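Look for chain A in each of the two complexes below; its partner is chain B in the first and chain C in the second.
After this line comes the complex of A and B, so read on.
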């Protein structure tokens, strides 16, 4: 960790550069491995019947371990969406669209980018991302076993 | 609830409290609250500290700020959800005994930290952070969801900003004046559609301290004059999943307000004041829909978050405004003799957590 400080007239500027190493774990690891193969695996709890994306190791309702995998459909329905038009530090250059999408056969919604949508007219583009709109999952040619291996496109 | 607010203080609200260190702000507001209550720190037997490390820019910020908050060698608790959650913690602890006199102190020098970068770090690193989420983006998702569900338009959001800002302009404790124009809001850029920069409550620096007393303590100190009774508290957390129902359903707000009002034994229509923690005009429109049974004139007479918005403790600022109303000390924004006043506070992405506190005139 590096802490840098600089003195101004009435403030001290500080920056922390902290590096973390997050363990992926078995469930996310299985999910990411399937992404490399162009598949989206959701975890399922036989007790509650809920199917989770992003996958969970446990069911939040039954509080039992998720005990199965379900291959999610590669299409689904937008639950919520927005078009980001401001430049935020450490986020992609705007504009870009994101959406929480509930894929077919899954109980929960998962966020990802929506590509292939003209964003020059933001309100018009947003009108095409209303809740209930159908989208398809599109995998990139190069896959790294990460959530960004795929994105959504309007069906 | 047999717990009372004996005194309080608000730090002068400013967009940026230049020339004042956080420790100085916290000491000044705590000292002022003790003076307002007419008690000394020696009489305090427990302190609740509510603070956010990431926004303060230091680890265990409430440990470092325990001393200026009056907690040196005192029994203390720390709360990291929000300032208003800290009030719930401090009040319920007094209600449970054996303590008699407590302090609740919360602060947020918003100008210290890169707010949206802090909010970005709150996203889990596997599935969400690579896509990117922060407060503005979450609030944009919320705005789109309530627009789709309830037919709210940009005009509705702008209207709420203007109305709140007009009330804030009359509030001597407000940080942001003068009120923006409709044209300025319309010309402000979109951040995350349909949320515009002008729809957001501007962040400010601020701090709040309250002295709480149990009914037993008041019985032993008959000369003490409380400002209000804490009549009801309610809190609730909604799902982290930002799906359609989670965003537009406002389930945690319904539940928190229902619990607080139920504990107080009143309904919404009985409230003379309800201070809202509306981070955007879209939130204000949605919250007003939830509280449609309340008198519209009762909602955020202070201007709410548009008066001052020290993000982490904005809900507790609203609680202080509500208590000032019951004590007839609200100044130019005073409502006529409120018997019941309440405050709502929110925390988390798209206001996942909700807290409501109800105060009764004494």
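After this line comes the complex of A and C, so read on.
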């Protein structure tokens, strides 16, 4: 009797290549246009008094439209941070630091890279990124109207 | 509102491993279904509806694979729904199955799913793609870095150390050694955790769950059908609740926030809603087992605090003193070894409910806790955003 032997390590290879164009819309469009000018615009709701970054069309607390734009301070405080020392596929080569920072005059925190900090001693670098630490916003020379136009540096 | 009593009468799991090379994705789901039906002593025709537990499909690589699975889980001719809330998927799917029956719409429901997280080497890339393209995607957020941010904030708030997180891993591995389904079953020491390669502060490699393949299924039925099954000691669903938070983590960590990112405080709301249904007023006295969602070593402390087992910032010291150990602790936390020792993402929340149910049924094998009358099972998904909490008990109201 002949039987077909199952091959346990047989696999079929596959990859997905999918392209997108994401519509930016009015709110993010206003924010991105200001980034080109080196300004960070936050949306404000006069009903709740909350100032949002990233900006929103509606206040998620009062359920009223955000009815104004406020220029955020170009400095703020770290609320949470980490230092990445392992390589992840399709993500930046390590090491790098990221932090959520609440910019002055804003009610919420926004994530970006923290640059200009020695990262070879991870616990020492982590000690310099504790919540409450002051940072500045630093814009690059070339601005494309994208969130990557700026990063944070320790004040 | 009149609600029917709902019981878990069957549990089926396949061992969690990096790969299951001998079976396809749908065959995994099928084998878990068969195991759960056999456990309950029921046949596919006894099932009125199927809930399918499936998170991002990019891990296993067939888009919206729920449609592929319909035949394999004997859902043809029956209502079928897929549930997805990221890491909380299995918790939400279990609650959907419960609600199907509690509402009176169905008498017997199968909840099942599978995952193969290691089918792609790009799993953390897939998880990076859950962030919006406009504001957050560019900053290397994924489940590891997202939870590292929360852990760093938690450490700062409560003075918790890396070594205290490492002791959670040691306990998890010790428990997993007694669970044949667990993926990582080799004991580790605090020193080995501390010496494993750094990934994202404060996490080292051993602070992080494995990428697992496997499947889980549960059969739930109305109280008046239990006698038809072979289950003599069902796990009754005593309470179930879920809550969603803003996708923006940065909204949950400032003076103006109405929730606290580091505290997993969604569980405070979800748990107390579930506890109210279950008649639980003193969780530590009334609950003996917690099967909580902990893919990272930092997840247990804020979660146990939010679930009301101790005060804010108190869990680490209790952990150090053995209070959450399998034997002799004040609460057995993840006697299965938990998510740190197996994370088939699309069913992980279901595994928590399954392992909690087995504890109630008295069928948890080597890791059975004595005198279990109530157990709590949790799951978390999205940007630490979806929280589900389910209370199982050995009696109905």
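Heads up, the rule we're going with is that the second predicted complex is superposed on the first by the 146 of 155 C-alpha atoms of A that agree within 3 Å, B and C clash if a C-alpha of one lies under 4 Å from a C-alpha of the other, contacts with A are read in each partner's own complex, and residues count from 1 in each chain.
One rule holds in what follows: a residue touches a chain if its C-beta (ideal position, glycine included) is under 8 Å from a C-beta of that chain, and two chains touch if they have at least 3 such contacts.
From a predicted model like this one, the values you see are computed outputs, not experimental measurements.
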Practice task
Using the superposition on chain A described above, determine whether A:90 touches chain B (first), chain C (second), both, or neither.
Solution key: both
Problem - Which superposed partner A:30 touches (first chain B, second chain C, both, neither) - result: neither
Exercise for the section: Quick one: classify A:136 as touching chain B (first), chain C (second), both or neither. Expected result: neither
Practice task
Pick one for A:61: touches chain B only (first), chain C only (second), both, or neither.
Solution key: second
Handout entry: Touched chain A residues, chain B compared with chain C
Key = C
Exercise for the section: Scan A:50 for contacts with chain B and chain C and give back first, second, both or neither. Expected result: second
Problem - Overlap of the chain B and chain C footprints on chain A, listed as residue numbers - result: 14, 20, 22, 24, 28, 54, 79-86, 88-92, 98, 100, 102, 108-113, 122-123, 126, 130-131, 146-148
Handout entry: Touch list for chain A against partner chain C, complex
Key = 6, 8-9, 11, 14, 16, 20, 22, 24, 28, 50, 52-54, 60-61, 79-86, 88-92, 96, 98, 100, 102, 107-113, 122-123, 125-126, 129-131, 146-148
Problem - In the complex with chain A, residue positions of chain C that touch it - result: 21-22, 58, 61, 121-122, 124-125, 128, 133-136, 138-142, 144-145, 148-150, 152-153, 156-157, 197-202, 205, 246, 248-251, 253-258, 261-262
Problem - chain B contact footprint on chain A (complex, rising order) - result: 10, 14, 20, 22, 24, 28, 54, 79-86, 88-92, 98, 100, 102, 108-113, 122-123, 126, 130-131, 146-148
Completion exercise
In the complex, chain B touches chain A at residues 18-19, 57, 114, 116-117, 120, 125-128, 130-134, 136-137, 140-141, 143-145, 148, 189-195, 197, 241-244, 247
